[in-house]
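Once you scroll down, you'll see the structures, which are given as structure tokens.
After this come two complexes, each holding chain A, first together with chain B and then together with chain C.
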Partner chain A sequence: MQSVRGVLSLGTLTLLALGAGTVAPAAAQVTGEDIVSREQQAFLYAARDFRADVSMRLVDKEGQERRRKLTMLRLDTGEGSSQKYYIYFHEPADVRGTAFLVWKYQDKDDSRWLFIPAIKLVTRVAAKDAQSSFVGSDFSYEDISGRDLGADSYKLLNEEAREGKDCYVVEAVPKSSSAFTRKVSWIDKKTFLPVREEFYDVQNQLARVFTADEVKDVGGHPTVVRRTMRDVKREHHTEVVFENVGYDSGLDEGLFSERYLQKPPAQWIK
Partner chain B sequence: MSKAPRFSMVEFSVNHPRWVVLLTVLLSAAALTQFPKAKTDTNPKHMLPETSDVRVWNSEVEKTFDLYEDMIVLGVANDGGVLNRETLERIHRITGEILRIEGVAARDVSSLTTIDNVTMEGGTLKVGPLMPEVPATDRELSDLRRALFGNPLFLNRVISEDGNTTAIYVPLERGVNGKAVADRIRGIVRTENGPERFYVAGDPVARDTFGSEMFKLMAIFAPIAGLLMFLARYLMFRDLFLSIALMMDAMVAIIWSMGLLIGFGFPIHIMSSMAPVFLMAIATDSIHIFNEFYFRFRETGDKRAAILETMKAVGRPVRYTALATMAGFAVLLFMHIEPVRVFGGLVAFGTLALRILSFSFIPAMFTFVKDETIQRTSQREDVRSSRTARLLTRAALLGARRPRRSVFVGLALLALAVVGMTRIHVNNNTVEWFKGKSEVRTSDRVLNAALGGTSLGYVVAIADQDDQIKTPEALRTIEGLQRRLEALPVVGKTTSVVDYVKRINYVLHDENPAYDVIPESEETVGQYLFLFGMSAKPSDLNNVVDYPFRRANIFVQLKTWDADAMRTVKHEVDEFKARTGARLTFKPAGTAYFNLVWNDEVLWDMIRGFVIALVVVFVILAVNFRSLKWAIVGYAPLVFTILVIYGLIGLSGKDFDMPISVLSTLSLGMAVDFAIHFISRFRRRLSEIRPDGTVPDESTVTDALLWTAERPGKGVFRNAVLFASAFSVMLFAPLTPYVTVGAFIVSMMILSAVMTIIYLPALIVLLRGWLFKGGA
Partner chain C sequence: MRGFFPSATCRSRPRSGSSSARTLLVGLTLLSLAPGAYAGDVDLHGFVQGDYASRVTGLRPPGGSDFILGEERLQLTLTGAVAGGRSGFSAKTDFIHDSILDRSDMEVREAYIDFTAGPLEARVGRQIVTWGTGDLLFVNDVFPKDWAALFTGRPLEYLKVGTDALKLDWYLADFGFEAIASPTFEADRLPDGDRFFVQDPFSGATNRTTREPRPNLDNAELAIKVSRAVIGWECALYADRGFYRSPAPEPDTTGGSMRVVVRFPRRGVYGASVQRAGLGGVINLEGGYYDSRNDPEGNDPFVPNSQVLYLAGYKRQMGPSVMLGLQYYGERIRQYDQYRSTLPSGAPEQDRHRSLVTSRATWLSDYQTWKLSFFGYWSPTDEDFYLIPEVWHSLADGVWAAVGGNIFGGSGETTFFGQFDRNDNAYAAIRYEF
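Take a look at the complex of A and B:
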């Protein structure tokens, strides 16, 4: 088996140590929920803060494209799984200056604010539907900022190699009605980043596929810098590229406020 | 061409009847093996090739705007209003079930529970499903009511103005059978026991229900028609064996041609589904062989000689009528519309098969009949004693004795027909292919009365550069066009990107009516649309604007499936463009537009075919009679029949639709049959009694005419009766195109038979001098 990376927690170390050599008995000890919890840590909670310039390419089956360019800032508040996001849009050109603020809480609906520069209006935006599309892309809000660990029940289906990586295959089934009825994830045993995720719809047919296309190490944090979400039925996909990724840049919590929505912090948003 | 080979076919068949019958049976068995592979195709879209402009354009529009080709509408009506918890509970449950149906594009089903709404509540902007959960309190219920009636995007779409009707729009994935999904939906609503009424409507339902009904019709009506004809024949000849032989003639030809069609992999289209009944009717022409056979047998008393002599006497007219019929159908092979070509080829082949059988299988079958049976039957064929014969003679006398009066009455009728023809209204309506009380029609009627319209067309606005659609100027143009279109009585509702932009403007300004307008700057529009696209279903925006914002799609809901409705829309759009000098260009699209184009294409194709058939049939007549003059006379009953029928269609106010235009061409080849038989036999008779070929006097002509009316005329009469009885079955079909075909053919046969028996004698007597000048 592969060597264990320093970023892994003690718990996981133990699990993996047990699993070294013979896979099957050890696998019985790891639960699906453990794995997904680790995945969320690696995928969405790496370091205290995070910034990236994000380019999105929305491509329909005809090859028509829509592009989005945005800067994303993230800060973990330190209270459980709470996080704050600041998103500033550079493109399309006519929406430049539109900014979006999300306060994510552990046990209640997010708070979201939006600044519309053309009419200089900051408005609260309801966060009821975390599964709706994020800015018209194939990603949902949830795909970007994470889904409650408790919302699904998990089952470790298998362990297999995928894209040349040893993976856990975990199935998640939502506990209450949701946009998907089943999600199967291939999670890299080494980095705990998702390699591939398949979402099944209400007809139990494959609806969306997530793939992590490129992973880079940024300051000790394995980061998915290129990813694609494919809507199988609409034959539509969205490609996302992270550039200028930075961890622990020392973002100030004050940035994540209504005031800065209208006046983007130039230090972080060029 | 020498006659020897044809003679040998009859002789061969008489000499080796068992071989002929065995071969026929073997060929039929081979054709039958193909039948299980049969598949139907009722999609009107396939009437035009995939490469046709309208299909290329429509599929481009569908792809550009993420649209579905097919949509089923489930209407839910409750006289006490649908906005009560119980009904909403049901809608919630039903929508959930519908989402699970395979083939349903679940992500884009629009129902009260899934449709996106944009509102501002307590300073919070909400973009999301209108009613994700059923309202639990009266307050929530009145909130829902307010949301529904306060949003013009919902009115007449998911809620009727009186609040008594709502609808669930169910888009289908490509290639899914609409009837199968409609049946599943019907199954789901059947389990609900509330006061609500449910209506399933939409183009795919009509189309695919039509397809399955078509199969039923083929399986029920074709055999019934066959049975009726069998019965009519039995009453005529009182001989079971011969009646069966005659029927087998038709059956064999049908099996051969359908087997070949299926074997070649062609789907059975609405038109080719009518082929069996057509072939059965065309097969009745062999009645002339039977008719003559009995006369000859009485004269000679020798079965074998009677067969050979019969074939000699009727061979020529039978060949030429077959040729004329074949030509009428074969002309269709040169049309542009594939199902029409297939149908033409199919029936032309069947006619050929029928004629081969007439010269082989039928003579062979005659040899198996006992002499005594024939004797018994032929006794009844005594010309003088037969009531039919007396009737025919009287009819012919009417024409021959009072030719001027007959012709005058005919001309008066013609004048009336011409008046009627000027009133012909060209239109086609696929939903009206079902009868008024059918479920399909009822659903459509109810939903069209309550909501914006079940028939959907698009008008695509095209700018000359990217992002131009976001300019206030372009949006105002689109809005202006929408208002114009909505003023048309056939248009129920229009929806475009303008409605979304205005809605967002209004909502962001705390529902201040002053902001229920298009904003002043392009930037604002861009940001509004971006905002909308941030949380709504991606398809909401994609349906109305393309990616580069160069094109916008206006949904035009029509209250009728008339092809004409879209013509009105197109006309209004063109006029709008001309009047306002708008920078945008507009192109219609969608199913409603397709129906219009298809309707016109079929029609013009058919009119072209009709003209070609007219020429071809005339040439065949001229060649057959070896005389232009006789060809003109023989042409008269045909032209008269056709004109009178079209006149009647015009006068009755029935739309000149696709089935009728198809029939026009076919009718030529069939209506001319009687004239061919009549004139051929009349001239043959005349040359027998006046071998010198001088101009005959009136009494000679009258005598010969009476003989013709009695003897081959009886064949004509029997032929018409059989023909009419076969097609009269179709009058009881549950689908109107079949009824139309039935009524058309029955009246055509009766008219052309009457014309032949009355007017041919009148014309021949009147034009005697001209016709016989220079020898008969």
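Take a look at the complex of A and C:
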């Protein structure tokens, strides 16, 4: 009996070892959810705080362009995945001076406030739908500030090289109805940053594609400084460039308040 | 906003003539000095805008035309800050050409200087202040408004008018304190009888005098707001000691001919508001008491009686590009029996309680370059309404155009919106911002 068991065990091990090379090598060590969790950490939670000057180029299928320029400040509050974002618009001219504050919580809807400079109005924004377009671009709010890890189920599909990087290929399927029905992500094994993401719609057709076009090391944090979101069906895309990126600059939590919505902190917003 | 303002013919206009020339001179001097004083940190921005509105009812007030608004505007905004942002300034001036009267004018919309010292901030000069939680409904936002701008479809920012004031903000732990002292009175701007059909119970008056509160120390307006968040609710308390901003006309028939003296009685406002996320959207509640200080007993028919005002609102997003908002608003006259017993015979009687329901729907499309919006007021007690549909389009970065309508109606001619029934108008606006 012992020898049979031994053979079976060996056989199982052999099968596992064979399988490892082709199907799911790291399955024993790492799950799709682990990978996405680490991706979020690298992509959205690097360091305690973050600032960047952000330029967006929105291009339609005729090649017509619109531009947005904003400064983004981010702070991790240290409570789970809660974060605070401050966004100040420099361009286009008709939204100059508009400021936007988001308090993102781990397990409830975000709180969002908007400051409209022409009438000195701070207004609370109803924020139910994280999949709405961010400032008219191809990015949604959750593309910018992240999606709850628990909102999707994950499956590690494969491992392959993409754009010259060894990647995990992870599929995410929303647990409840969402703008996409399936998302396939190529995640760099080394940096855990997304290299490419494909969003599929209800007809299981490719709807949007995210690509990380340039990654730079900023103070030890690999950072996607140029990225594109392409709406495949509408032939529209948005390219985003981060400049003057800073981590752990010592942003004070007090900046993420109504006071500074009305008066942008000059030290951080130029 | 009062349920009924008897005379809508008093509109304070932008200063013109020599005073505007002086302002221009001061502005230009500031412009030429500023870059030196605030080395390197001065920005000049602004816009060119055209606003046009035409009545579509085919009716014209005596001497008026179909066109109720036709103007071109150049707005220049000069802002500057010293390094570190401890001090700065902003000056926003509109140069206006009224194409109906073929007259040019200018208006300083804002001109202020800021100082910051730790938790304390001061803003001195002409400035726009917005308080309260209502959407086109105002309880604790006691600051001056231009209703004529709203009723003719000028961009929404023109509903607010600057106040000449000293504003102090103090941020202490979780509290925010704001105090505003304004030495000069600024009336609400109401539609002009030359261009708008307005209900005027004293239309027979040959002599009309407007007496705005003089700029004296005892007429200075003081307003205070204290705010803080309490378990997710954003709470605020408000107090204001000032004047009613809509005119209170009083007839004087001594000596045969009827004279009308338009005054702005003293008013105290005490209120509170709370706001928080809830029911998948945002909920707000606000209340206030308008203390009619020149008529505490409510016996003077030519001074508004004290009132309690309140509103409840809810807004939420429906899908990725649709926003909906609903509000309920009420006003209740405090000494209603005195109001009724002293009301001059023949004057339209207001209900004790006036309520309003508003709805807003906004739909964004094509990467937010198109915006379809609708705002509607409807009063079940006054049986009147006011609807504002609008289509807005961004033609390119910094360039937009809007067309819309202002539709008034009601079963009576003396209610707030009903009196404007004959003024239904269509408007168009275009702006290039730089």
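Definition applied: the second predicted complex is superposed on the first by the 242 of 270 C-alpha atoms of A that agree within 3 Å, B and C clash if a C-alpha of one lies under 4 Å from a C-alpha of the other, contacts with A are read in each partner's own complex, and residues count from 1 in each chain.
Convention: contacts are C-beta pairs under 8 Å (C-beta built on N, C-alpha and C of every residue); 3 or more make two chains touch, one makes a residue touch a chain.
Values in this document were obtained by computation on a predicted structure and should not be read as measured data.
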item	value
Simultaneous placement of chain C and chain B on chain A, clash or fit	clash
First, second, both or neither for A:252, with chain B first and chain C second	neither
Contacts of A:125 with chain B and chain C, given as first, second, both or neither	both
First, second, both or neither for A:265, with chain B first and chain C second	second
Chain B versus chain C as contact partner of A:114, first or second or both or neither	first
Which superposed partner A:201 touches (first chain B, second chain C, both, neither)	first
Which superposed partner A:136 touches (first chain B, second chain C, both, neither)	both
Chain B versus chain C as contact partner of A:66, first or second or both or neither	both
Which of chain B and chain C A:91 touches, first, second, both or neither	second
Stretch of chain B penetrating chain C in the combined three-chain arrangement, among 80-88, 386-394, 422-430 or 494-502	494-502
Set intersection of chain A contacts, chain C complex versus chain B complex	58, 60, 66, 92, 94, 118-119, 121, 124-126, 128-129, 132-133, 135-137, 236
Chain A residues touching chain C - in the complex, by the definition given at the top	58, 60, 66-67, 91-94, 96, 108-109, 111, 118-121, 124-129, 131-133, 135-137, 140, 179, 236, 258-259, 263, 265-267
Partner chain A, residues of chain B touching it in the complex	63-64, 66, 99-102, 104-107, 120-121, 123-129, 132, 173, 467, 470, 508, 519, 521-524, 526-528, 530-531, 533-539, 541-542, 546-548
Residue ranges of chain A touching chain B (in the complex, touch as defined)	58, 60-62, 64-66, 89, 92, 94-95, 98, 100, 114, 116-119, 121, 123-126, 128-129, 132-138, 201-203, 205, 207, 233-234, 236
List of chain C residues in touch with chain A within their complex	45, 47, 81, 83-85, 114, 116, 121, 127-130, 156-157, 159-160, 169, 171, 176, 227, 234, 275, 277, 280-282, 284, 315-321, 323, 364, 367-369, 394, 396-398, 400, 431, 433-434
